[in-house]
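Input: structures, listed below.
Heads up, the next two complexes both have subunit A, just with different partners, subunit B and then subunit C.
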Partner chain A sequence: MRESGRTHPAVLVAIWMVLLLAPAWLGLVGGYTALGARVLVLGLAAMSLNFLLGFTGVLSFGHAAWFGLGAYGTGLTLKFVAASTPLALLAGTLLGGVLGAALGALIAHRRGIYFAMVTIAFGQVFYYIAYRWNALTGGDDGLRGFSRQNLAIGPWSVDIVANGVAFYYFVLICFAAIVAIMALLLRSPFGHTLVAIRENERRARFLGIPVEFHIWAAFALSCVFISFAGGLYALLNNFADPNNLHYSLSGDLVIMAVLGGMRSFWGPLLGAAVFVVLQDYVSSLTTNWMSFVGLLFVLVVLFFPRGLLGVLRGKSPA
Partner chain B sequence: MSLLEVRAASKSFGSLAAVRAVSLRVAAGELRAVIGPNGAGKTTFFNLITGALRPTAGAILFDGRDITAIPAWRRVVLGMARTFQITEIFPELTLAENLRVAVETAAGLRLRPWISRGAAASVRRQVEEMLALAGLAPKAGRLVGELSHGDQRAAEIAMALALRPRLLLLDEPTAGMGEQETYDVTQLVRRLHRDCNLTIVLIEHDMRVVFHLADRIAVLDQGALIADGTPDEIAADRTVQAAYLGQAAEAGAADAGAAEAGAAEAGAA
Partner chain C sequence: MLQLLLFNVTNGLIIGAFYVLMALGLSLILNLSGVINFAHGGFLVLGGYLAYTLTPFLGFWGALIVAPLLTAAIGMAIEQTLIRRLYGRDPLYSLLLTFGLAYIFEDVTRYVWGAQGLPVTIPAFLGRPVSPAFFFITYYRLFMVAVAAAVVLFLFLLLRHSRVGVRIRAGTLDLETVSTLGVNVGRLRAFNFALGIFLAGLSGVLAGGQLGLDPTMGAGLLMPSFIAIIIGGVGSLPGTLVGGLLIGVASGVTAVFFPSASEAVMYVLMALVLLARPRGLMGEEGLLT
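And then the complex of A and B:
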């Protein structure tokens, strides 16, 4: 059976080779390993958002809330509870995932602009909590005083604190695990119902699908995935700040997804790469780097509504 | 016992009474047509039966069970499938993918985050079976949004059939179709009724189709049921003629001719 929207195997191999070899080639083109890790983390966040946006057809404009909660949950666990990287990541994922699932249940029956507005509001609530609760979160200065810990695998210890390349591969393994879960879900009967809801909510309902419940489930899963990405972000920076929760980051994530192509599974990763690299490179030349991203975004939306990857796919033989 | 029973169902939108205390019984295995002039409330009546709308008063029973308060999706699970006046499909998915969602949901797999090889093979077989039944097998890999109007209508019927319903509700299945397509759909509906013994309720404007297919015909006018009987009874019914002619008088002589042609055809059938 032909599958619409499935990535060509050759493209898949290319993507994974580029990611696997990134520490080797990033330096040759003027990049650095931490930049690669940043692309992976924000790419994972944008792909998590796109699980909802591109594959369920539901726009959340406050997904930074769950990203930031993942970051704070991870940071707070490392600072106050236990010096364990995996445990901190798990705690951050649970914090964002559980709160996302609970609040998602309140809004799963809202649609379009109403849904988007409420998600922004949720995000701002958490932003101000983090901003104001100085004693716990460090307020405006952000959460400091924690550091990712080396991984203990059996008798071995893997240095991901000082060794940036090892940390990159740790992030890549985490990224691969979540991406694999997302891909498998989208190929499952459950994933098929999500795409059906995106395509035609009414038809989906009259096939016997309880649309609100499935939208809630997709929202909750998306929150879990993006919280995990937020946790990785805290580990990457050894820092979390209220901007991780702010709706401007939510907007950036939507831009990454649309820029790369929200109908394609890998599009948001490409969008994140373009966004992060432009931010890194152009911001060293001018403080107005965002106007370049904005210009690119407008051009893409006007001329390639399917995003950068949509253009590439359109030209390659199907 | 009747498979579907509507008890004095009414639906008002503000001061507009779209459906007024309509009662109807559809026996298992019956093919029932619902006809009536434009704006008679046929689609609203369908929406009450399928749960797209809640009735303001009255009750809907399916297989003896009161389903008035049950949400639409659950009525589908109980065995009620429908198509829409304006085709509702998944345009950016292939034809086979459209049917696959229906087959998987009907098989109770909709929440499964994985699928076994055996189950996937069974789903594929049923998809192929439905494609063959609707005469669409060669187009399985095409995006549904790119198919012709007639094929899209057939695809929607195939999706409804993939749910293995006990009651199939078709809202103007031949709307906007040419002669050949209308004929094909009529033959498909007749096959489903005769060969598969499926209970079908059909809204239709094309009188040739209605009088050709229906066991019984219910006539709605201005939200009320004005007649219910065999095609011969309906063709001879003066209230029905008045309802159609009354509308035709407003719309112009051309429509009157069409209505008379329909009635004449009914007499011949």
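And then the complex of A and C:
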């Protein structure tokens, strides 16, 4: 099974080179550094979702909720609690992770369509809370009035506030850390168990694997990772708004994962890159960008259900 | 206070009737085809706007019938060309496809009819209140509830007594056997899909007369319909009926005491139901889970 096999070392080197050198080459092709950071953050979010969707085979369609909770947790911490970027990120990650783990416990024994519906519906709870709780969250206008803070590492201070390139590398380091954790998890016996559950849940159960526990754990971990990405998103924009929690974003994240290739580790990052760049480009051309995004969904489902990387890898049993 | 409460309970029932119409359509499609139709709200909006365009030519009564039928025809065309290809595949794909369709619907309605709200003109006598004491109950509101009730009754009679209805119910339980017995499953699903979309279109026309139309209203009505289905139990149409009325009244009553929580209360109800009875109030264990 190639899908759970390791990425070829040469490919791996290429991916990291492209990411490391992004601030240098993005400008040459008409991009900008903040767009690169956006791709990284949404790519991380899509990869976190795919930890559950592609590797555990559980259809969560409400992951924007945890992403947005991470964003709000980070923003609120910076605004009201402490002017510290790492602390704010940690708080956002905890907020989304803990609430995600709690909901996961409630629904871990549900599957397929039912799981999708419950995750969509529950995701909207947090949207309404952010939308309605004006005093705390700023309501419809979003949460403003906070800003990421410079990093203090020992005696040095790293400027990530004004220096966009430095912030890009900060995001890249965070991205690398989470991606490394995900890769290690997927290579561990735990990760192989998740894939086993995806491939044949009944057989896994007969082998004595506690399936519900594993699905809950995968869900909770995925929520922790995506909340972290949400926190980075708040830092990137110095802003959080209810749309970060809305189910439209959940759908966008799922299509990124599918577009890139759900069965591959790096696919969602590629999907996020294509999606973000396309959206950025099309919305600068026409106000009817929603139709283009919708059309992208339809075309991907009909013609690229295995994603770009799935097509590159050629035929394998779908 | 009492009048305020009464107002909100009535309001809740009327909104609940909307949720029921919309959720029943979603439920029909979900049960037989295993498709979560994210574009259902888009079809609702389309029905409303078609009625807006048709009213000058056909009058309100004509539009009330023709607009949902047209919407159903468009729905059936989409089912035949796009959605049909995804039956039997991972539900992820139909979810994504209809999700994309919802984007396209919202954008196209905005492009064709504009972003600002438009009213569906209703006959003058329907706009009048029933009595001065109950000024908030207009004939139109009674009419909406009556239409919803009649449609629901008709739907349940159809499913219980007609041949196609029996087939739909049987297909919900075991599509393979129904197919083996010689039923054209493709046609059954197409009819069932159109029936569900008809209900969406009809709710769109009715909603347009009361609230006016705007391109995003479908998305707003979609989530309550999901919750109605989950509360009532996936796979059970009577459950969907009960769920829709329940969340309508619950949010109506909450609006009296704690206005900003009127949406949240649906989710609280859903959480309680999932904790106490995970399959939903009237759902069957093991179906579609």
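Just so we're on the same page, the second predicted complex is superposed on the first by the 303 of 318 C-alpha atoms of A that agree within 3 Å, B and C clash if a C-alpha of one lies under 4 Å from a C-alpha of the other, contacts with A are read in each partner's own complex, and residues count from 1 in each chain.
Here is the rule we use: a contact is a pair of C-beta atoms (placed from the backbone, for glycine too) under 8 Å apart; a residue touches a chain by one contact, two chains touch by 3 or more.
Everything numeric in this text was worked out from a predicted model, so none of it was measured.
Legend: residue contacts after superposition of the two complexes on their common chain; A:E199 is shown touching subunit B, with no touch to subunit C. Of the two partner chains placed by superposition, A:I160 touches none, neither subunit B nor subunit C.
Contacts of A:A65 after superposition on the shared chain: neither subunit B nor subunit C is touched. Applying the stated contact rule after C-alpha superposition, one finds that A:V211 touches subunit B and leaves subunit C untouched. Of the two partner chains, subunit B is the only one touched by A:S188; subunit C is not. In the superposed model, A:V276 lies in contact with neither subunit B nor subunit C. Subunit A is touched at more residues by one of its partners, and among subunit B and subunit C that partner is C.
When both complexes are overlaid on chain A, the residue A:I255 reaches subunit C alone and has no touch with subunit B.
When the two complexes are laid over each other on chain A, subunit A has no residue in contact with both subunit B and subunit C.
Within the complex formed with subunit A, the residues of subunit C that make contact are 30, 34, 36, 38, 82, 85-86, 89-97, 99-108, 111, 223, 226-227, 229-230, 234, 260-261, 263-264, 267, 270-271, 274-275, 278, 288-289. Subunit A contributes residues 1-4, 184-185, 188-193, 195-196, 199-200, 202-211, 214, 217, 263 to its touches with subunit B in the complex.
By the touch rule above, subunit B contacts subunit A in their complex via residues 50, 52, 71-74, 76-77, 81-82, 84, 88-94, 96-97, 100-102, 104-106, 109-115, 124, 127, 140-141, 143, 159, 163. Interface of subunit A with subunit C (complex): residues 53, 59, 61, 106-107, 109-114, 116-118, 120-122, 124-125, 128-129, 132-133, 247, 251, 254-255, 258, 288, 290-291, 293-298, 300-302, 305.
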